[in-house]
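The next part holds the structures, each set out as structure tokens.
Two complexes, one shared chain (chain A), two partners (chain B, chain C).
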Partner chain A sequence: MSVLSFRLKGPLPGRVDASPLLPHRLAALTVTEIAALPLRLGRGHVVVGELFDLSGGPGDTVEIEGDGRLDFVGAGQSSGTIRIAGAVGHRAGTGMSGGVLVVEGSAGLAAGAAMRGGVLTIGGDAGNELGGALPGERTGMMGGRILVRGSCGDRVGERMRRGLIAVGGDTGAYAALHMNAGSLLIGGRPGAATGHGMRNGTILFRGEIDPLPGFADCGLNQLPFLSLLDNHLSELDGVPPACRGLTGRARRWLGDRGFGGRGELLSCL
Partner chain B sequence: MLLNGIHIENTYAEAFDMKATRLIVTADTPAWARHAGMAATGFATSVIACGCEAGIERELTPEETPDGRPGVSLLFFATGRSVLGKQVETRLGQCILTCPGTACFSGVPRGSKEDLIPMGQKLRYFGDGQQMSKLVGGRRYWRIPVMDGEFLCEESSWSVPAVGGGNLLILADARMAALEAAEAAADAMRTVPNVVLPFPGGVVRSGSKVGAKYKGMPASTNDAYCPTLRGLPRSRLPAEVESVLEIVIDGLTAADVAAATTAGLKCLIERGRGSGVWGVTAGNYGGKLGRHHFHLHELLP
Partner chain C sequence: MSDAYTLLRGGRVCDPAGAADGTALHGPPRDLYLKDGHIAATPPEGARIGEVVDLDGRIVMAGAIDIHSHIGGGKVNLARLLLPEEHREHGSGPDGLRRSGSGLFTPSSFVTGYRYAEMGYTAAFEPAMLPSNARHTHLELADVPIIDKGCYAVLGNDDFLLERLAAGATQSEVNDYVAWILHATQAVGVKVVNPGGISAFKFNQRRLDLDEAHPHYGITPRRILTTLATALSDLGVPHPLHVHCNNLGIPGNESVTRDTITALDGLPAHLTHLQFHSYGTEGDRRFSSAAAEIAESVNRSPNISVDVGQIIFGQTITASADIMSQFRNSGLASPRKWVCTDIECDGGCGLVPFRYRDKAFVNALQWAIGLELFLLIEDPWRVYLTTDHPNGGPFTSYPHLIRLLMDRSFRNEQLARINPDVAAHSRLGSIDREYTLEEIAIMTRAGPARVLGLRDRGHLRPGAVADVVVYDDLPDREAMFAAPALVFKNGRLVARNGQLTATGWGDTIVVRPEFDSAIERRLKPWFEDHQTVRLGNFRIADGEILDHGRGGLSIVPTLTASDSCF
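Up next is the complex of A and B:
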């Protein structure tokens, strides 16, 4: 299994679209061809070789040195592994359908937006719209798994339909806005207006919450599926420890009834 | 052949291709898992009139079940996938859903769409719109609100090819001797994985032959092995045999049925002639009905 590494020659001069650097696309090219690939830089273009030193050979794994201005990393990824040493810019893993994208640092806006499959792991924090919907789209995330060790911004899991998002830290406002289905695990504190407009799906968190008035308090319950979920999480790599250890006992709110929803907020013990 | 004083007849058991599935039922305590398992596999002795044949394969420790609670593993056998699906659906709905604290999972690997046995997929409508589904690790589960909390049920199971109708006939000097021998053999055979003995206690006293003198009777008493008729020309019983009991075996593969047959033979032979057992034979239909033949002389321990 060969690994192709991209080392930054210096700080990026502007925002770069890294979406062409996908393992399955690079596997068919030679290192020289890859070095000559054009990348969008701001309003113009630049070739890969001008920004990165390449080493190793093309295969199913790509390692990239991260930068906060490197956008669209792993966008549309369908197979293989991309490992980022450091941070990434906006829209990492957008529309991803398979493979593994590991960001060791933090991610910018809309990481994993409109994801359909695969695994996105973020070692640091994530910005707004993590696992959210692309502008104008009726559905957001439709599959796959997003695991964030740190916190995330507003509107995580907006219009989510399927899949799992686990955030180890706090989430911003409007988490799971208009959620259709799927699961959002929050290891820290959920922000304001969590679950606004949700129709179905599950938001799990620890501790206190002051839910929106559209949520009906169903009290403490023993939910057998929580132990099943916990078993499943224990088999996965990179799940934030704060999201683990579900006992099966949880306080349950149903809503958002203002939108005819019957999703659930679960405050797990 | 005479082994330890026991006649082993040179014949074979004839068994049929069936479709089977395995369900894992868990509950808060082993006793409640057993209650659900007993009810769901009740009235499931023979496909002649029960629709399916079923039994508890074994009890499961919390470490062996998907949700970490004690459970039982149940095997269901039927003549085809659609009959099996219908039987599982009604038994799941009436016997497992209703039993306090249970959850139900598929116990077979994911199969193709043609082999699908609906579980939660049908049962979810009991939730009357309040049911929720969860996709965990690629498998879909339904959560149905019930009066003691929530019934968790996997969306579907799958049917797998199976073999049903393996059997042993135990010929004994007296009724109690036959009963004790059958009990011991059934206990030994139950330790074999992937098999169930669908009859009460694993034992049948009314072995049947195909057809009858009366119209509309698909099966009737196996008169060749009825001791009260042993003076008749078609009787297969020697004068000293006063009681015959049969053990029927359903298994997921022919090898499983063969292993159970061997376990039963081993137990009976070890007990010896002194236990009151005169001999062991097997039931068949001349070899024309079933594809699987289990020759006793080839399956000796």
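Up next is the complex of A and C:
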């Protein structure tokens, strides 16, 4: 299996749109053609060869040296593997429908927004709107998995409809805002207004929480599905350890009743 | 100023509003001289000819004019916000000539100007500027490049007028108010949207017929309509009242449309997007075409001009001040999101995204009704080509629409593809008429110019603004009108073969009828008590439009007793 590597020649001079660097697209090109591909840089364009040294051969794996100004990495990815050594900018894996995107460092805003399939793994922290919705859209994430080892910003999983998000660290405010379905696992502390406007779906976390008044306390429960979920998580790569070890005992709240919602907050013991 | 002429040599000039020899389409080719942004008379011997463009018998027309196209202002902006996916999918970056922009059926302001110019359109009119949104509208239109633009101020649901009418205001007071609004908002005409209906909606009325009293003010749409039409006629505003009739989109609304024509009783008026107002209730589905009845009524009324508001199959968004109808249609939104809102008690704003499907009986019949209207209204001087952009479809579908009108076999091919029940419910298949190039030139240029009172546009006589479009005479009229060979705006080449070559700024077209400024004594306290801005700040100054030379103002002369309206 051949691997194509992009090594940065130096720090990026501005924000770069890396969305053309998808394995299935590059597989059809030669290295010379890839070096001549135009990428958006700010308001203008730059060719790949000016920013990166290329090595290896096009195949189904792409390795890119990361930079906080490299945006749209893996946006629209449908197959293959992209591995980023370092951080990425905004909108990594936006609209992703398949394949694997591994970010070893941190990700900026809206990583995995409007995701439909595939796996996005982030080794560091993620910014606001992780696995969220594109502006103006009625639905956010519709499938796939997002696994974050560190913490994330506000509005993770906004308008989520399907799929799984696991965050090893803390989440910001308004986690799972207007969630419709799907699962959000929080290894650290949930932020303010978690689950606001949720209609369905599940948010799992540890420890104490002061839920919004729209959530009805349903007391302590023994939920067999949690051990099934834990089994499932054990089979997956890259699940943050803080999200593992679910025993099945959980305190449960239903809401957000202010929106006629029947989603659940589960404080797992 | 330059003393050199540009010579467009040997074109077949199609200029129905021109001199007696104007329609030289079948005669010998003619030369056209442009100088200082205007069409010039044949210069004397020895005059300096700067540039010669050989047209080799290509067809020459004046720049096209879109009389009704929602291209700016509050509701268009809300429409853009409502459908970000449209703008994500249809974006374009700057290329040295163009600025960046986006959108397909609610294009951003720059894209709007570029696309119109590339299609040979040199003027477009925003038909629904709420007075309280006027400044926003003008600021946005100031960013529409190349083309000339104008706005119709929306009246007829504003509480000031309704309250004054209910209190028994005289016609002359209304005249002064209308004229004041035209001045203050820099408008070129007045539109009335669902007269009284938008206001009645706020009092929980869900439909309002022509002689139904407003639940609060007690006045009827008929009264509002005739008062406003009379006001414009008294003031000598060339563009007559632009009427969006009551009960848009309701099966059976054809009676209200015909009653409206009767109610106007000879007063000039322009009925807009007539297609949406020509529905009957016959047949199993209680939805049928009343195009024949409406067309007959229009044919019999020389005071009435119309534009059609043809629908084009595909995704678009409906944007209208008529919240009564938009609220009713909100359940049909596709994708499933919509906005209905009041705007400063002046009117309303409803946005419902919509996909016209050719296999759906209702949509397919709407399509047929629009074409029936085009083909059954006999006088091309009184029916204009519109899709009510973006309500029926984007303005970029005009070339397709022109082909439907000019090519009967193409039309029947399309008719055979859509919902089969429509052919049985519509007489479209049996209509033989095909529009000629002269008739297209009338309905897209000469006619709109005349009904708007634009004396120096829409024709190619000496003295006219040098907005000139040159077409290759292709058998496929859609290809021909989609990408004109050359487009000149103010004598400058701006597009070649449907591609932009230069950009610039057009004029804002306004009308300034005389009035008694004593009306401000009544308006001032009204603004103080009920509006969010004071009267002095409400008024848009010329300088705001002129913007240090970037914009221009073109004032349409008012009519005097000796002018005929039509």
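Just so we're on the same page, the second predicted complex is superposed on the first by the 269 of 269 C-alpha atoms of A that agree within 3 Å, B and C clash if a C-alpha of one lies under 4 Å from a C-alpha of the other, contacts with A are read in each partner's own complex, and residues count from 1 in each chain.
What we mean here is this: a residue touches a chain if its C-beta (ideal position, glycine included) is under 8 Å from a C-beta of that chain, and two chains touch if they have at least 3 such contacts.
Treat the numbers as computed from the prediction; the structure is a model and nothing was measured.
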{"item": "Clash or fit, chain B versus chain C on superposed chain A", "value": "fit"}
{"item": "Contacts of A:T202 with chain B and chain C, given as first, second, both or neither", "value": "first"}
{"item": "Touching partner for A:R262 - first (chain B), second (chain C), both, neither", "value": "first"}
{"item": "Greater residue coverage of chain A in the superposed arrangement, chain B or chain C", "value": "B"}
{"item": "Superposed model, angle subtended at chain A by chain C and chain B (C-alpha, nearest 10 degrees)", "value": "110"}
{"item": "Touching partner for A:E33 - first (chain B), second (chain C), both, neither", "value": "neither"}
{"item": "First (chain B), second (chain C), both or neither touched by A:Q222", "value": "first"}
{"item": "Which superposed partner A:E50 touches (first chain B, second chain C, both, neither)", "value": "neither"}
{"item": "First (chain B), second (chain C), both or neither touched by A:G136", "value": "second"}
{"item": "Minimum C-alpha separation between chain B and chain C after superposing on chain A, in Å", "value": "24"}
{"item": "Chain C residues touching chain A - in the complex, by the definition given at the top", "value": "81-85, 88, 93-94, 335-337"}
{"item": "Residues on chain A engaged by chain C in the complex (per definition of touch)", "value": "40, 43, 134-138"}
{"item": "Interfacial residue positions of chain B with respect to chain A in the complex", "value": "66-69, 103, 129-130, 132-137, 141, 143, 149-150, 152"}
{"item": "Residues of chain A defined as touching chain B within the complex", "value": "162, 181, 183, 200, 202, 221-225, 227-229, 231-232, 235, 262, 264"}
